[in-house]
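So, here's a batch of structures to check.
Two complexes come next, and they have one chain in common, subunit A, joined by subunit B in the first and subunit C in the second.
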Partner chain A sequence: MTTTTPTTTGSTGAARRAPAPGASEHRSVKTGSVAWMAIPAVAFFVLFGAVPLIGVGVLSFTQWDGIGAIRWLGGGNWASVMTDPVMYKALGLTFGIMIFSWAVQTPVSLLLGVFTAGTQKYRAVLAVLYFLPLLMSAAAISIAFKALLDPNFGLAASLGIPVLVQNWLGDPTLVLFVIIFVLSWMYVPFHSLLYQGGVQQIPRSMYEAASIDGAGTVRQFFSITLPQLKYTVITSSTLMVVGSMTAFDLIFVLTAGGPGDASRVLALDMYLRGFRANQMGPASVIAVLIVLIGLGLALFLRRLGGKDANSSQMEGL
Partner chain B sequence: MASTSDVAAGATPGATPSRPGPAGGLPTPATLPAGEAGGPPPRSRRRVRRPNWVGGLMGWLWLAVIIIPIYWIVITSLKPSSEYFTTNPLLPSASPTFSAYQLVLENDFVRYFLNSVIVTVGTVVPAVLVSFMAAFAIVRGSGRFVRFSSGFLLMGLAIPLQATIIPVYLLIIRLNLYDSLLALILPSIAFSIPLAVLVLSNFVRDVPNELFESMRLDGTSEWGTAWRLAFPLTRPAVVTVAIYTGLQVWNGFLLPLVLTQSQELRVLPLALWSFQGQYSVNVPAVLAAVVLSTLPILVFYVVGRRQLVSGLTAGFSK
Partner chain C sequence: MSTTTQRSAPSRRSFLGAVVLAPFAGAALSACGTSGPGSSAADAAATEWYLSGDPSETITKNGVAAFNEANPDQTIGLTFFQNDAYKTKIKTAIGAGQAPTIIYGWGGGTLRSYVEAGQVDDLTSWFDANPDVRSRLLESSFGPATVDGKIYALPNETVTPIVFFYNKALFEQVGAQPPKTWDDLLALVPVFTDAGIAPLALGGQSRWTSMMWLEYLYDRIGGPELFTAIYDGEPDAWSAPASLDALGKVQELVAAGGFITGFESITADSNADQALLYTGRAAMMLHGAWTYGSMKTDGGDFVSGGSLGWLPFPTVAGGTGDPSNAVGNPGQYMSIYTPAEQPAKDAALKYFTDGIMADDVLQAYIDAGNVPIANGIEDRLAASDDAEWLQFIYSTASGAKTFTQSWDQALSPATAEALLTNIEQLFSRAITPEQFATAMNATLGQ
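Now for the complex of A and B:
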């Protein structure tokens, strides 16, 4: 056993691989005496994760104003929410923002990821700067953009470009573009990091082989980079899609759902119904919808990725 | 971990191509599966990377998109409040002042900052410890409970905090914790556990079995093995998970919004939001608050950029 100490540099590839089968052998011998160490984590998550998840389902069948007693109501909340045009509008907005912000963020993050994965020094410097939005909270970003987009005194007013002087947050259509832009501003750095990690894991030999075969940069991108990044695309898309189902902080601070309810997405709809209108029952219905749709989308994207998504890459640290 | 260092080693032979013979052979064999080992594969990079015009264009464009707002935030926060309405927004003030920052600091900023610190540390430390224990149990243990825990916590990844906020609120009221910092800490711990366990268990799994075995032969208990062997060996992952969790909590907005109400319990993002409502006319002050709330993380970024970056992509880079 001592011969396979992993630190010996002289060991060949075959010897390095040796511990693997041995490991599973040992694993079968070990005792169950450590199982209790999982209890605290499981207990925590049962209490504040699983119980609330079941609870939200139960609460969707009750009447509760957030303070008083909780009364059983049956399917009343579901019936009223399912016929409520406000909910359908929120649902449509959520999907619209989801699709458009995906369509903006994915190509930008992909290109930036490939770009920053390059070895040139200046790209590393740029990557440091790209990262800055990730340091700010959604609240901070929204507050800054709210001031920046002010039609009278904001940034656009000074540049003298009339097109940019708009009532960005006061127009029901423009506000959606603003939200998509600010969401991208905030999240593209994160996703380009994912892509950067993915690109760096592609074996160089593939590019070498391709360039020997005479494939140009563009061809290499579409024939090697993109297919090799398949799982990264799926991971990133899943996070974007599920993330936009639950996007709350940014939109809440930026627009509070307005003007009117022009940017009242599902998560906001839930909050406003529950904690502003004190109708926890209908709000719970919305919450259940958020969970179900999010889960459905995540499973759908996972299917697209195929079954072996886990075996594809290693930790990109 | 062993595998990552292999990747790093795989990149190095290209750097020292001029060393033939047995010395040159040393680092290679362990790195890549056959085919690579024999011949001289190096002189790769320069030829592979041809100019990438689209990426380059996007790179500089995005730089402008990122930098212009940040630049504007910083210079505006340094303007006297009267100047904001009269000067060109893109030019720094002729007479920069920290008065906006002073106003923010006078408005209990330090208290909000401390609240954020308490909530963040109070979440990260127990969350990491508890998750590490669970990760260790999942990797080293066996039996029905361990399998259940593993599957259950993995499933937890799919539960979004936002969607459970109403029952969490109810629970916190019933526990008599409403409007306390503990009300923010407990759910934050719970919702950081699934990802932490996932990442940590991947790393505990990488600890060579021989080391566990020798600990066992020395008569060390599993508890001792966990903290004296596995914990130190998985420290990079622990740091990663701690940073990821910490950032989530530090920037969290919904929990404080719903679960606290008194002014003295505000954490930074919430304080920022109410400050903005209160001083909406004094834009430099609002932006100074934005800068101040970001400053601690920025300092952290400057000091430990690599850990921060890996912390952010924790578990997602799979």
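Now for the complex of A and C:
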């Protein structure tokens, strides 16, 4: 390691200083010499990503209670899961929560991000406050909300606000809105941070030119900020969508899938089948489904960005 | 931004990443190799995982400390986990071959799955060689420890039947008598509702809390044979007339507003259901005998002031079950992990003989308001501050014609999970008794 380090940094430095002529030769040499540097990352991915994934794929064709011997079953798990109404309900719930939480989070975090990107002092102070939820773990947030929403000993009961005394976590419909609210409360700060960064990258000259042309704040937002944030929106949406495919910790602590199976999303369905009911086979089927759907959605969202997703948006500037 | 810079930047970053991550890789890989958490457990002869939460946490900690002092060569290393986390963790640990020497549990269906996988030792011959260990314990506690005629676990700790609790002060306030029959109970619902008091506390989100109602109703209406048929996997056992009757009665109680509004979102883990009873928001509660201790600690003068009342579960007109029958946990169970080293097993068995049900431990349980599963403790119970309560539990446990183990412990994990999900839907009236029976019939014999 130590012997190669100076060589690498040296060539990088050289490339930085003289980028244009002969850069291609430099590049090809570099590609050869730095490929090994990917080994740790690849090793980690193979060890903790690919191998378990293959393992889960194999397990989905077996019968295993997590303790005893693993027996080959063939397609039995797939047939039973694919005809199980519980799985379809979980799938529907997952998509429902995904769409609603995206629809709530995107506008809120976009506006918050644009707001906090301003240079005024009070905005910086507010930004710090907005980002506080980022510091808390999902489990802590769930436990706190669970206590606050308790119909008998919670916030509403203590403050004596009858309107807020609802069966928040016990009503099959209401519980979904509570989950979307808590999810948004937790993740909006993160996405605001993305948008804040995105907004700060937009050159001031665009806004200056727009105001000279007589565009107001609203017009500037829709004609400059929003189009310039296209890729930030796509990144943030991808994170939200794929994230809600695997949303587990928060819902598990908050409702454990209840009441009944009213909030049993796909990730929870997988956990309950595998670790509560000890049926690793069907649980693995769900896991494979989650991977496939998540992957498909991520690719689809990337497509939305167009084929030239990596090109510059600032040509002519 | 030139392309070259763009390319070189990641390569430098990944190099730095490699340097920074290298020690983590080492740590992560070596972490895979260590068995069980907790530094105190590292140099002990045998290991045990146990549940956090008093009074049993402190009692076990003290009991093990006393045992370790007396047996410095055969010490037990204790690690504590939260109840639900433990249940998942122990299964995973056994599957991964990393379980502690002593496997703590509740017997029944889960123990059977360990036995079938060859993960726990057959203790039958050990009990034959140590008859005094066996004769110390209540005979009724051995049922859930026995799989196919062989004993795989040492019953220990306390017997905790499910008890019908009520708040005496609230009954005086409305001028009512505690219910002796199911009809009495239904008649009490409007009495308390009109007084602005919830009739029954229930931590419905925990699901096994709702299950306790069914356990008793099944027994009172159809006798213990009804659940035995289910346990044995007889076809359509869940749709027997007595079964449908019991399911219908529960929904009748729910529909009448018997359970506190919002019971579906109350959890038993936080003891919120007990708090409803001792703060006077609910008049009655069906719960495990273990709640006596926490109501005594948390409820101010509720228990010491004599406001807590208890009864056997009400009888049901026309039911065939003996009124002395009880349901609940006949004991807790400890098994020996088969892959453990022999010295560790020896230390564990020594602890089984001398440590776990030592006199001081028994006394500590009695002082905390629990009834240990030991024979010949009547005098000690009578001498306790909680004599009335302890004698009630002791007579319930030893006088029950049949003591049915909690369903979710007796059944296999897969069936138990399906049962709990369906019970939750039954209580929220999302499904009818017939739908419940159909769904559960599909799990029979699994």
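We adopt the following convention: the second predicted complex is superposed on the first by the 268 of 317 C-alpha atoms of A that agree within 3 Å, B and C clash if a C-alpha of one lies under 4 Å from a C-alpha of the other, contacts with A are read in each partner's own complex, and residues count from 1 in each chain.
Here, contacts are C-beta pairs under 8 Å (C-beta built on N, C-alpha and C of every residue); 3 or more make two chains touch, one makes a residue touch a chain.
In this text, all values refer to a predicted model and were calculated from it rather than measured experimentally.
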item: Which of subunit B and subunit C A:V51 touches, first, second, both or neither; value: first
item: Touching partner for A:F275 - first (subunit B), second (subunit C), both, neither; value: both
item: Which of subunit B and subunit C A:I161 touches, first, second, both or neither; value: neither
item: First (subunit B), second (subunit C), both or neither touched by A:P40; value: both
item: Which superposed partner A:L193 touches (first subunit B, second subunit C, both, neither); value: first
item: Which superposed partner A:G170 touches (first subunit B, second subunit C, both, neither); value: second
item: Chain touching more of subunit A, residue-wise (subunit B, subunit C); value: B
item: Subunit B versus subunit C as contact partner of A:S211, first or second or both or neither; value: first
item: Touching both subunit B and subunit C, residues of subunit A; value: 1, 5, 9, 12, 16, 19, 23, 26-27, 30, 34, 37-38, 40-41, 44, 66, 146-147, 150, 153, 275
item: Residues of subunit A touching subunit C in the complex; value: 1, 5, 8-9, 12, 15-16, 19-20, 23, 26-27, 30, 34, 37-41, 43-44, 65-69, 146-147, 149-153, 166-172, 255-261, 272, 275-279
item: Residues on subunit C engaged by subunit A in the complex (per definition of touch); value: 2-5, 7-8, 11-12, 14-15, 17-19, 21-22, 25, 88, 91-92, 94-95, 113-114, 116-119, 204-205, 207, 260-267, 270, 272, 275-276, 281, 412-414, 416-418, 421, 424-425, 428, 430
item: Of all residues in subunit B, those that touch subunit A in their complex; value: 2-4, 7, 26-27, 29-30, 32-34, 36-37, 41, 44-45, 47-52, 54-56, 58-59, 62-63, 65-70, 72-73, 76, 84-85, 88-90, 130-131, 133-134, 136-138, 140-143, 145-146, 149, 152-153, 156, 158-171, 186-187, 189-191, 193-194, 197, 202-203, 208-210, 212-213, 222-223, 226, 236, 240, 250-254, 258, 268-270, 272-273, 276, 283, 286-287, 289-290, 293-294, 297-298, 301, 305, 309-310, 312-313, 316-318
item: Of all residues in subunit A, those that touch subunit B in their complex; value: 1-2, 4-6, 9-13, 16, 19, 22-23, 26-27, 30-38, 40-42, 44-45, 47-53, 55-56, 59, 66, 108, 111-112, 114-116, 118-120, 123, 126, 128-140, 143-148, 150, 153-155, 157-159, 185, 188-190, 193-194, 197-198, 201, 203-205, 207-208, 211, 216-217, 231, 235, 239, 242, 245-246, 248-249, 252-253, 267, 270-271, 274-275, 280, 283-284, 287-288, 290-291, 294-295, 298, 310, 312-317
